[in-house]
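In the two complexes below, subunit A is the common chain; its partner is subunit B in one and subunit C in the other.
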Partner chain A sequence: MDHTDSARLSLISMWVGFIAFLAAAIMGVYQVLERSGLIPAIESPALYFASVSTHGVLMGFVLTTFLVVGFGYYTATTSLKQPVWNKPLAWFGFYICITGVLMAAVPLLTGQASVLYTFYPPLKAHPAFYIGATLLVAGSWVWCLEMVMMMTIWKRAHPGDTVPLAMYGTTANAIMWFITSLGVTLEAIFQLIPWSLGLIDTVDVGLARTLFSWTLHAIVYFWLFPAYIAMYTLLPKAAGGKLFSDQMGRVAFIMLLVFSIPIGFHHLYMDPFQAAGWKFLHMIGTFMVAVPTLITGFTIIASLEVAGRLRGGKGLFGWIAALPWSNPMVTAAGLGLLMLTLGGFGGMINASYSMNAMVHNTQWVTGHFHLIFAGTTVIMYFAIAYYLWPKMTGRRLYSNTLALTQLWLWFIGMLVLTLPWHYLGIAGQPRRISSTPYDPVLVQQWDASELAMIVGGLILMISALMLVYVLARTHGNSQQEASLAVEYAEPLHPVLRIPPLLNGLAFWTVLVVVYMVASYGYPILQFFLMETHGTVPWSI
Partner chain B sequence: MSQLTPEEEDEILKSAPRGTFALLLLLAVLLLAGWAYMFFFMFIENGPVS
Partner chain C sequence: MSIDPLRHVCEDPLERKWTWISLILASVMGGVLGFYALASNLHPPSNVETIDSSRLHLSEEFAEDKLGVKTNPDGSLTITMVAARYGFYPPRIEVPVDTPVTLRMASADVLHGVHVPGTNMTTMIVPGYISEVTTTFTRTGEFSLLCNEYCGLGHDQMWSRLSVVEKPGGGG
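And now, the complex of A and B:
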């Protein structure tokens, strides 16, 4: 079937994401230079915090949302072999997102939303920032509806058939994102927007931070889902093998849907307004959510092992060398899994209730989330782009060599940037600072790490420029792509019959709602029951 | 690309991923050792908050 209708929407969405990404990468270089204090002429806390806020919004909200949406539409149409449901509505959602981004950009770029891309009062931004961000989320809900409708329509047309794994994961992500984004949306509509407009004098900070934590952790999985979907459904074929287990992929997606949302209190370990017992329960949930990642790690590496052995790899680890490392998808996945392991180690420390006190609000945390997000997730976004651009444009990738170089530079730059940040965090350097006006003897010990940070930032910016260059030049490549079909990996053991629970998401959606009520019900309700010392918990 | 006989290919597809098991076991040991090092030698060693 012809996928040109979804290709255009996907391509434009993903281009919006990558343009935001490039701007954010350039800002990142300014930030590491400013923060190092080596060039006094550029030191400006106001500019630094405006830049950090914009960098975070562009990377964490714009790149991700547009990439997830674009990849989702293309996955849906190519895996289900059916057109986009209600195409005008899909474009309407896209324009809502664009409107939201433009609206939020104005206060961000004029220093009126330097709230570090968070929704944590008492930091207050211009109302346009909160309204813009809410519109971005609302636009993405259209995509959620589209994905659910497309899977439902397909299931009705194919009774008893197994939903393709790529679409199963995409729909799980859409449902998860809708549920998790409700938290920050409620906070914005009932607290932040009325407060920033001056309709109310105060907000209950505890309630606001609790609502934001509802969104804050699972948003990471919203970003990560496309990376996992590509690893499960595109990587094994690109590596020359088969997917080790289709069912393991479904179990991992279900677990991400169920376990990733009700665990946000690990972001509030040091905050006083939730009791230790609730935080402990959320800590257990946090460690549970490592399970689908372990399942994914096992299934993907096993799939690569099959591919490597089919290519002649021998011995316990000989299959690794036999893999086609000249394929950007394989290289990105290999480097991404390495960064996931390192970032996962940092995550284990953050998630440990007691040890969190040692690294809380230090540069360690910045190092951790850059490794997981900017490392694993974003490098897989590159791989997705390198795979899909030829399919969507009909032109061959401009340069495979440049693409591979770009991926390796991203990996090297990310390690050079983030490993010193982990050290700095342990050494006591706070995060969210524009300079280090502390004890000179202490600060001097940080100099080498600060220099490494600059080198890492520069390498990453070069890599970002290379990505955009390769993608842009692909559009003008005179060589036609041989096959426009997206080749999804076949499972090692064909899926002949599958339990209904692994072929639908309704039961799991109900389960996550029950789990959410259990883990967030009373912690939110308490703000309406207790004395809040003059603050207004709910403004409307 | 290696030239495998159909029998060899079939054997690969049916065999357990022992390399993956070994790799993940190694990673698990490293992660647990790292966590234990952080807990006992960095966190506990800092002593109580004073």
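And now, the complex of A and C:
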């Protein structure tokens, strides 16, 4: 069907993401070197924090947004077999995003936005930074609208049919992202932009942090969704089997939509200005959001087992050996699940209302999110790219061996980078530091880990270069790809009749809005009910 | 288990079982940790109390000469501190071991955070609000207060000392 030009949009979008990724990975290596203090010549807090701010923005906002959007368009057109709803609008959204990125890049690279990717006021960045970031979000809303429209149009044209799981997940993500990105957008529009332009004198930092927390948790699921969608809908087929359960995939996506937004207070556990009762409620909600991930883990592993047994694997673990590990999708998913398991244990500690105190704002946190986000999520982005590049370009992947090596290096590099970070956190090292001028007795315990992270960073950078190399060379490959169709996995039990609630999202959207009002309504309202003192801007 | 409510969404009994396990696991984890926190009265710092950060020097509590360690009538201690780029004031504090200590902290400028490695003391320090955290230091020795939220280019220079000493009079 007509998906050749969604291929162009997707390809360009994903390229923007991966170029941002490569630049940020190189900055990552500079950062680990600078922090170690081994090379006095490169010591510079100004450069370091400009770099970490840019690295965070490129990895956290640019790579992710462009990848989600690019993958989303391709998933929509290929799973629904229907063209992009409004192509000029889709491109318009893309250009808004690009404009936002370029606008934010100038102050970032010139050190006028070294406020880190969380831009907590009252540190003030150049207004172009806040405006650029807002444009990036606004551009992504065009994609949200496109996804909702495409699913709606398809359902109208196919009354009674089941929306393909890949599209169901993509649309759930679009709705979730729209709702969750409202928090940071409100903060930018009503507080940061006018304040940085001098139109208002002060901002209420408590309110700003509360609004930011509205976005800060579910944004990680926005990043993670493509990884889960690939695991449910592409992986089982790539492994030579079937999806264990289509319905449970839907249930998991719905739970992510409903549960992931109204729990942002776990980012405020250590803040004053929100009462303990609210934090406690959000903690309970935070544990609920582990359920869809557990369900996903089970369904994916069960699907892999089905594949392994179909391929002749026997015994309790024989099916693992029987899986086609030469397939990048299978390898990435295997390694990704391993990192997710490790990271999951760590996450239980972060999420705990009382144990969080041991690791709050230490290097542990950086280790945790590099493991799950830069590890699990991003390794699945690689797998998606290796799978889709041949379909989108019509050329065979340049080298499967290089692709596999790249994935393994990413996994190894990530462990070497993040395990020492977890240790450093337990040993008391704060996050976001460019040097360690503290009590020598304390610092001495950290030295070995500071070295390990350099090794990890270098391995990761080599892996990042290999990814871009393989993708770039694929465009020039003379061998044609035989099959351009995206092969979505079939469920083990064919879906005969599906409850309407598992085939639509309107009900769940209303539910999440109600849940949001209940969990954020008063905590936001309180800032307007009590007398607060705003804060003037401070330069970095 | 005659009628499993999950039947509507899932035909496979194994998967239903796993879903129940996930639900129970998450509830038990949440429940145990929640109960533990409530039972041992471990709450994260959560008082909602505002202050004008630009006028700390004029405030009753956080003016420069009011800072430091004070003993309350019941024998517990209150420490009043200001966080400002790039230090904690007063820069050196001494507290007796095994004594309940309430730290009250305010920021004079931007966002900061503080933790003391080797203890469970930690809180964010948010301009416009007063942070209050209660703890008891159970080991004697030299500790550090480290700023743990990025507060500007000198963020990693921001730390100070805390000595935990024997109780005067050997624990009376």
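In the analysis below, the second predicted complex is superposed on the first by the 530 of 540 C-alpha atoms of A that agree within 3 Å, B and C clash if a C-alpha of one lies under 4 Å from a C-alpha of the other, contacts with A are read in each partner's own complex, and residues count from 1 in each chain.
Rule of thumb we're sticking to: contacts are C-beta pairs under 8 Å (C-beta built on N, C-alpha and C of every residue); 3 or more make two chains touch, one makes a residue touch a chain.
Note that the structure is predicted; figures quoted are calculated from it, not measured.
When both complexes are overlaid on chain A, the residue A:319 reaches subunit B alone and has no touch with subunit C. In the superposed model, A:358 makes contact with both subunit B and subunit C. When both complexes are overlaid on chain A, the residue A:345 reaches subunit B alone and has no touch with subunit C. In the superposed model, A:206 makes contact with subunit C only, not with subunit B.
Touch criterion not met for A:444: it reaches neither subunit B nor subunit C. The partner that reaches more residues of subunit A, of the two candidates subunit B and subunit C, is C. In the superposition on chain A, A:305 makes contact with subunit B only, while subunit C stays out of contact range. When the two complexes are overlaid on their common chain A, residue A:244 makes contact with subunit B and with subunit C alike.
Contacts of subunit A with subunit B, set against its contacts with subunit C after fitting on chain A, overlap at residues 244, 294, 298, 302, 348, 352, 354-355, 358, 492. Interface residues of subunit A, counted against subunit C in their complex, comprise 45-46, 49, 114-116, 120-123, 204-206, 209, 244-245, 247-248, 250-251, 269-276, 279-280, 283-284, 286-288, 290-291, 294-295, 298-299, 302, 348, 352-358, 360-362, 427-439, 441-442, 492-493, 499, 502, 526, 530-536, 538, 540. Contacts from subunit A toward subunit B in the complex involve residues 240, 242, 244, 294, 297-298, 301-302, 305-306, 308-312, 315-317, 319-320, 322, 341, 344-345, 348-349, 352, 354-355, 358, 426, 492. Chain contact summary for the complex, subunit B toward subunit A: residues 1-2, 4, 9, 12-13, 15, 17-20, 22-24, 27, 31, 34-35, 38-39, 42-43, 46. Contact residues on subunit C toward subunit A in their complex (touch as defined above): 8-12, 14-15, 18-19, 21-23, 25-27, 29-30, 33-34, 36-38, 40, 42-54, 109-111, 113, 115, 117-118, 120, 122-124, 126-132, 142, 144, 146-157, 159, 161.
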